[in-house]
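Chain nomenclature is as follows: A, B and C, assigned in order of appearance, with residue numbering initiated at 1 for each chain independently.
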Amino acid sequence: MDLENEEKKPREISEIVAIVEALIFVADEPITVKNLAEVLGEDREFVQSAVEHLRDEYDERDGGLQIRALAGGWQISTKTQYHEEVRAFLKTRPNAKLSLAALETLSVIAYKQPVTVPEILEIRGVQSASAIKTLLDKRLIVAKGRKETVGRPMMYGTSKDFLLQFGLKDLSELPSIEDFEDLLGQ
Amino acid sequence: MDLENEEKKPREISEIVAIVEALIFVADEPITVKNLAEVLGEDREFVQSAVEHLRDEYDERDGGLQIRALAGGWQISTKTQYHEEVRAFLKTRPNAKLSLAALETLSVIAYKQPVTVPEILEIRGVQSASAIKTLLDKRLIVAKGRKETVGRPMMYGTSKDFLLQFGLKDLSELPSIEDFEDLLGQ
Amino acid sequence: MEQQSEQLTFDFYTETPHISAESPDEIKLELGAFAGPLDLLLYLIKQEKANIFDIPIAKITDEYLKYIRLMKSLDISLAGDFIVMSATLIEIKSKMLLPREIFADAAGEIEDPRRELVDRLLEYEKFKAAAQMLYERSTVEQAVFPRGKIESDETNAETNATVFDILTVFQKILARHKEEVQMEIEREEVSLADMLKLMKQRIFTAKELNLLDFFAEIRTRRELVTAFIAILEIVRTESVKLTQDVTFGAITLKKV
């Protein structure tokens, strides 16, 4: 609307507002007007007014999101008045990703069970105590009695939850090295 | 507006719409109506209509974002028409494309799942080991247990990432394989 | 065997493979890669504008074999499945030369030797078309972007490991284990005194030593243990201290 000079093919302010919204949305960090102006190849003042236009629109909309100035840039976030619901939702999400250490330890236990901590150390080459604790906490593994050797170390194996979480009917459904030999070979 | 029974303190539909927007925004994957209904402690139908209301609002708004059904849930994303600007900002290029062999293998798996390696070979007429490995690496397919035939071969099916990457609500959204008939017939 | 003089044009990176012959002894080849023998056959049939239900098998077989020969002469490795298909084609071709009555079954119905191949081609063609549809879908999908990271993502990401991950990880461990064992045999032992000397040198020249970097240089478990004892010893006896700025951050040995 502001642009009437037909030099290149000037974008309408409404289009700039839309693109600014898309960019603020995809950015990991608050995005500065300077940065927006560079990407858009537009005037800083023009972009600044587009951002403000967008913020006003969000304020008037009465939705669940807001656009706010933060750390020198602009960011979309949920409105503070819905923090309880947002928090409640975030809590329901599945547990955090398994670390590589935990995944490695789990794979050794899955394929070598029942297996003791020293045996896992021997295979992985590193201590696995905290990984084992994590796996026990997540109920992916269970203690399977003691091994009758020196020190009678505890043996571990996978649990029923393990089968559930990985969609296996039973342990025989675990892929074997042979299943993937051709695939992993090359 | 729909709720007039004052039992607890019923929320207005506009408030539900706002909270739904906040939750879809914070969820890092498409969020299901079921999940939303649980967090909100509201009827599924009520929440479903709130989501649809929100989607319509986004469509009418003419902004940079859209709300759409994807992989069984709902997600906010940028609109396709702004992909160039978004890409320029994120400095990303389109993802490496799947090879013809990988795409063919994926289409056989998508339509015939759960399906084994020999069955894929039968249809494609060529070994598909490295294509299957690629698809597993990209998490587009997953192992789906073993088939109870000779050799108990591993079966494969498509994953949630498959739905996400191909913009599908669910598998039923795939056109029927018979629709592809008669291309060669005449 | 007759030597053909074939003039060739190559373009390995075109999206669709393409062969065209302008005269019988000239072949132009644009070679992406055929996805398999059925893909190649379909291509040849289309090229000939032939009817799929009445494939001119002699002609198509010749074309197919020409392609195979060409690939071989160029030292391009062909999947065994392409060779298997050559045999199938030759077999069908020879059956076609026999009087039709031979293939009549008990009811007197004549079975076309090409029948099974046609069925396979038709079945394959459907999935090839489906692959094209998937390709188009993913192209559209790549024009859509999800929101950027927000703080809550890191604190609570989904567990998304699969059984395939478990197996892959397990194989990597086994491979690593094998490598380590070999290295331990090859390498010479480093004594505690040597290790102490090395560390002191590093600290006193650079004023500080990032332990993670230092450990990364160490190859064997035995050396790692020696290094660890050396650190304890150095902290006890020399005026250095261990610092860590953030939990789980890098640990640095600093001269006091």
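FYI, contacts are C-beta pairs under 8 Å (C-beta built on N, C-alpha and C of every residue); 3 or more make two chains touch, one makes a residue touch a chain.
This is a predicted model, so every value here is computed, not measured.
Here A-C and B-C were compared by C-beta pairs in contact; the pair with more is B-C.
Distance from the centre of chain A peaks at C, each centre being the average of the chain's Cα atoms. If you average the CA atoms of chain A and of chain B, the two centres end up 17 Å from each other.
The distance from the centre of chain A to the centre of chain C, each centre being the mean of the chain's C-alpha atoms, comes to 26 Å.
The centroid of the Cα atoms in chain B and the matching centroid in chain C are 25 Å apart.
Across the assembly, chain B contributes 25-26, 76, 78-79, 86, 90, 127, 136, 142-143 as residues in contact with two or more other chains.
Chain contacts: chain C has residues 145-147, 150, 152, 157-158, 160, 162-164 touching two or more partner chains. Taken together, the chain C residues at the contact with chain A in this complex read 145-150, 152, 155-171, 173-174, 176-177, 180, 221.
The residues of chain A lying in touch with chain B in their complex are 14, 17-23, 25-27, 35, 39-40, 57, 62-65, 76, 78-79, 82, 85-86, 88-90, 92-93, 167-169, 172-173, 175, 179-180, 182-186. Chain B makes touch with chain C in their complex at residues 25-26, 28-29, 66, 75-80, 83, 86, 90, 94-95, 97-101, 103-104, 106-108, 110-111, 123-127, 136, 139, 142-143, 159, 165-168, 175, 177-178, 180-181, 183-185. Looking at the complex, you find that chain C touches chain B at residues 32-33, 35-39, 42, 52-53, 79-82, 85, 120-135, 137-147, 150, 152-153, 157-158, 160, 162-164.
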